[in-house]
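In the two complexes that follow, chain A is the common piece, with chain B as its partner first and chain C second.
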Partner chain A sequence: MRDVAIVAFGQSDHVRDSAETSEVEMLMPVLHDVLAQTGLAARDIDFTCSGSSDYLAGRAFSFTMALDGVGAWPPISESHVEMDGAWALYEAWVKLLTGEAETALVYAYGKSSPGEVRDVLTRQLDPYYLAPLWPDSVALAALQARALIDAGLTDERALAGIAARSRAAAASHPHAQLRGEVPAGELLVAPLRTGDCPPIGDGAAAVVLAAGDTARRLTGRPAWIRGLDHRIEAHSPGVRDLTDSPSTRLAAERAGAFTRPVDTAELHAPFTSQEVVLRRALRLDAPDSRVCVNPSGGALAANPVMAAGLIRLGEAAARIQRGASDRALAHATSGPCLQHNLVAVLEGE
Partner chain B sequence: MSKEPVAVVGIGQTKHVAARRDVSIAGLVREAARCALDDAELTWADIDAVVIGKAPDFFEGVMMPELYLADALGAVGKPMLRVHTAGSVGGSTALVAANLVAARVHRTVLTLAFEKQSESNAMWGLSLPIPFQQPLLAGAGGFFAPHVRAYMRRTGAPDTVGSLVAYKDRRNALKNSYAHLHEHDLTLEKVQASPMLWDPIRYSETCPSSDGACAMILTDRTGAARSPHPAAWVHGGAMRSEPTLFAGKDFVSPQAGKDCAADVYRQAGITAPRRQIDAVEMYVPFSWYEPMWLENLGFAEEGEGWKLTESGVTELDGDLPVNPSGGVLSTNPIGASGMIRFAEAALQVRGQAGEHQVDGARRALGHAYGGGSQFFSMWLVGADAPAT
Partner chain C sequence: MPEVLTAPLVVEFPFTRSLGPVQSAFLTGLRERTVLGVTASDGRVVVPPTEYDPVTAEEIRDLVEVGTSGTVTTWAWNPSPRRGQPLTTPFAWVLVRLDGADTALLHALDAPGPDAVRTGMRVRVRWAPERTGAITDIACFEPDDSAAGEGRPGPDDGAEGTGRPAPHSGEFADPVTGITTPARLDYTYAPGRAQSRYLRALSEHRIVGERCPSCRKVYVPPRGACPTCGVATDTQVEVGPGGTVTTFCIVNIKAKNLDIEVPYVYAHIALDGADLALHARIGGIPYDRVRMGLRVEPVWSEDSRFPDHYRPTGEPDADYDSYKELI
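Let's turn to the complex of A and B:
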């Protein structure tokens, strides 16, 4: 298989409300940042792929305006997934593997501020049976947390510990939205308190991929993608064991995550309870484990919907690029209660 | 480095109609997928990954419906990707699936595109008001009509050409049992007498709103060798995008369309498309786009596309049949329309297009476009495996 690496990563400052900037305005500095890191211009990029969702923007074809920001002239080879940008990265990685491209630009963005994101996300549920009940994302995560507590796999104190650790890790993160000492807060949907839940915010991220020697030319220490896989589960929470994530485990197996230990794991767990599920599926809780989990603060510090998964891949890659990690695992999720999961294994040379 | 050759070994479509009230969205997509599996004589267990596409989520009012459709498409435990590139999405989706095979990431992939437009109202789904942006003027026809006028003015095409295309495509659709519109009593005079909707586009020169889905099974060389029916081989595929609105844009013949076709022809070794390609399934939602795309795709010199149409070259029994299936003018489940073009091109080179089969078709082009003539995806399929 062809060697492909992440050679640049950039993200916006994640904020609660970006009413004063459009999606394109939010995205442009991030695109310029990653291109500047590699010295590439938009016209040098062989393939471009983005991830976003019309339902956040409240309009059809919302990605077309973002494309204008990329500067698609002369015409570019380009595609879009209506998913988190982590899956746009997956599509771009496949494109590079075919040999049809040497470089790829991947970006994602999401603004939750124009609407009520908890309500909006109910619209991604089964439209005939589930969505009419309007179960929101926090309520569904709370069901999962309750199942974990009932199974004796965690408790409210342990969940609060995950929140505190994540936000402490984000204290020095220049882009994080929620950092430092954050109170556990009141119960939002029992057993989840506000502190167990991600901040609602707007943000964007971008990554540049390159193959083989091109990657070596563009950066001193590429973050090589050694494995990348994603798997989906049944949709209805009622037919799944919410305390487990078989799709994450399978994706990790396929990505080669279990062949050698990783030193870093960037997990896309918007809720503290979901980190418990992911740690178990990814075997990160071994007694002798020295894995640094979510050194960026994870999605509990900033969770721009549709970009937060791509950010996990970018954060893991950036850590490799600056020599803080040699082998990292990155994870992205989509859908209710961790329905769809992607795992990447990244390595420095 | 070498790519794995990609073969189409299964094709399935639903019967396209204005409203499939007998099935849910899940039932609709499963019907097409089931047909494609039957055609390939494969089971759900043979599928390694699912790539699904559709146009905006607002058309059905379901955000990221692939999450809910995972069960219906046998995707549980498998990778599932959701592509969305506006009207070109059906084509783009097939190309993303083809790349999975070409890159040797997966061996056999189910790709599917759908639209169940009867669940809501597509025109208003496209017309949500956005501050500081030009609205689509109540549907796509309002956006495209001025560009048709520009084409007529630029080329001097007589105003009868559009009705010839519509009359041809609707007659071709009578030979395609899956097509939505079956207008047995249509005449050229009736097309020309139909109400003017967006001058110069008449009612009978526009696409319908359809419910429908299209699916294909793509596989590698080994999979193709096991296929019970002839495979269609992918000889070239490409996507191109350009901005919607900018001063330098040529709406009559967008550069992205020309570049996309040129890339596909280069991959497939096509140097004289008019002579080397036997059938074209072209994305023609408004009749005048046939002559326009004939030029954009290199089948005619600039300004000459309408002459091919007028002289009957693009008729089913002509020298270069365009839309033997009846095309988008007869069937338009938007998100699936591009994939239907790709699938119909594959049916032609497999010799399995039934009553609308083009005799001896060996190479066929599938074409899709979307947005404000902004996104393009195309593939060229052949009856023979590509030379390696």
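Let's turn to the complex of A and C:
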């Protein structure tokens, strides 16, 4: 199988409200950034794939407008996932593995500011038993947090520690929305406080993938994708053990995450309690572990819905590219209470 | 005046779904104050029931009746209920394992405060007074203080005392076969920089496009990016008001809530100075006299933020060569 690498990553500043720019206006500088990093023009890209959600935009086929930022003429090979851009990257990775493309541009964006993201996300729930009750994303995460506390796997103080560590890590991050000391705040849906929850905001990200020698030509130190897998669990939260994430564990195993230790882990955990679940599933809490978890601050520092997962892959790759990591794990999630999980293992040469 | 425009946008639709046999039996059962589950391949009783085994994905159909009381497996206190949620006063979200079930059902628990809720507590269904065959037929759960012993294994009605879920045919008179769930989301739409400028100019009866710095084309309405070059269009160019019909169609179907007599003409119009045709209705001329090359101009009605329609200017028709690239 041919080698595929992330050769460039860019992201916008993440802000609470980007009303002054449309989606394409927000996205375009990011696309230009990753193309400039590689020296490629849009017409040089063999395959383009994006991730976004009409429910966030409140408009049907909203991604077709964002496509204007790519310059789709002459006609290009393009695809879209109504998911986080991490899954768009998965599709592009498969396209490169099959030899159908040598380079790919992957981008994702989300604006939560026009609507109420907690309500919007209820529309991804099963429409028979869950969606009519409007259980919002914080409520579902809070049920999971309570289950973890009841099981003795964490407590409110430990959760606050995760929040503080993440935002301290983001203190020097130029794009983060929430950084430095953040008060634990009021109980939003107990046991979760505002500090346990991600900021609501708008942002975009893009990645360029390339195969083999093309990747070496485009960048000094490609972040090679050594494994990439995603697994999903039953949708109903009452069927699952919310304190565990077997889908993350299986995806990590298939991606080769457990064959050798990683030095960095970028986890897509919008809620502090979800980091507890992921650390256990990914075996990051071994006493001798030297893994640096979410040096970017993670989704607790910036959570542009539909882009936050792709950003985890991008942050891990960028860390490899600048020599701060040799082997990194990146994770993305989708669905209620960590239902669907993607794990990638990236390495420098 | 702020640079960017915003406006309320409501997305609302009745989400209409048909039900499979298991979901139909479950929701009809709720209407009749009966809770049904389904037996999975490994013998577990799944409530609320699915039509496929959550582990093997095999089709499953063996319905059983379970209790209307159960045990809280996890919970979360919601001090600020949101629109559409089951209760309007502060409540607990709960996952409840009903007696006889092996999985938990998500719903709301009516309790005076978080101190009155704990994992393992006994709760029972509070039925909605009006039931239609929907998950909301369970109004909520309420504390079940009458419980004789925690973790009772069997249903507390129907098959009381058997200690296990009772087989059920799933047959009811007048079964529910579909549900309609209203969904409403409220947005504040912000069209962004380019479209805000366009809309603001329209309110002054001007039409403004933007030029691509790379290919020099003028786009109207501008969206902030040249779709050909993928770069920002930031030079504003006033276009029109005159324009040329590049192509058109005759509409013979009267649109709902639209007060326009049929037949009428809808056309693509290349405004003078624009490199992209926009579309609008043509008025002031019999429908069968409209033609490619017809010169037109916008007609602004009183208080209108956009042209109501376009009408002939009386100029000679434009040469085909002058607009053929814009068709």
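A few notes on this one:
The working rule: the second predicted complex is superposed on the first by the 349 of 349 C-alpha atoms of A that agree within 3 Å, B and C clash if a C-alpha of one lies under 4 Å from a C-alpha of the other, contacts with A are read in each partner's own complex, and residues count from 1 in each chain.
Just so it is clear, a residue touches a chain if its C-beta (ideal position, glycine included) is under 8 Å from a C-beta of that chain, and two chains touch if they have at least 3 such contacts.
This structure is a prediction, so every number in the text was calculated from the model and none was measured.
Using the contact criterion defined above for the overlaid structures, shared-chain residue A:Asp119 touches chain C, although it does not reach chain B. In the superposition on chain A, A:Trp224 makes contact with neither chain B nor chain C. Using the contact criterion defined above for the overlaid structures, shared-chain residue A:Ala131 touches chain B and also reaches chain C. Of the two partner chains placed by the overlay, only chain B lies in contact with A:Phe63; chain C stays clear of it. Applying the stated contact rule after C-alpha superposition, one finds that A:Tyr107 touches neither chain B nor chain C.
By the touch criterion defined above, A:Tyr55 reaches both chain B and chain C.
By the touch criterion defined above, A:Gly99 reaches chain B but does not reach chain C. By the touch criterion stated above, A:Ala234 is placed in contact with chain B and with chain C alike. Contacts of A:Pro75 after superposition: chain B is touched, whereas chain C is not reached. Shared contact residues of chain A, touching chain B in one structure and chain C in the other: 55, 58, 65, 67-68, 72-73, 120, 123, 127-128, 130-131, 234, 236. The part of chain C that touches chain A in the complex is made up of residues 3-4, 6, 9, 11, 15, 17, 19, 23, 27, 46-48, 50, 54-55, 73-79, 82-86, 93, 95, 97, 103-108, 114, 119, 134-136, 179, 181, 183, 185-195, 223-232.
Here chain B touches chain A in the complex through residues 1-3, 24-25, 55-65, 67-71, 75-86, 92, 95-96, 99-100, 102-105, 125-126, 128, 130, 133, 238-246, 248, 254-256, 259-260, 263, 371-372, 374-375, going by the rule given at the top.
In the complex of the two chains, the chain A residues touching chain C come out as 19-25, 28, 31-32, 42, 55, 58, 65, 67-73, 113-116, 118-120, 123, 127-136, 139-140, 142-147, 150, 187, 189-192, 234, 236-239, 242.
On the chain A side of its complex with chain B, the touching residues are 1-2, 48, 53-55, 58-61, 63-65, 67-68, 72-83, 87, 90-91, 94-95, 97-100, 120-121, 123-128, 130-131, 229-236, 246-247, 250, 334-336, 339-340.
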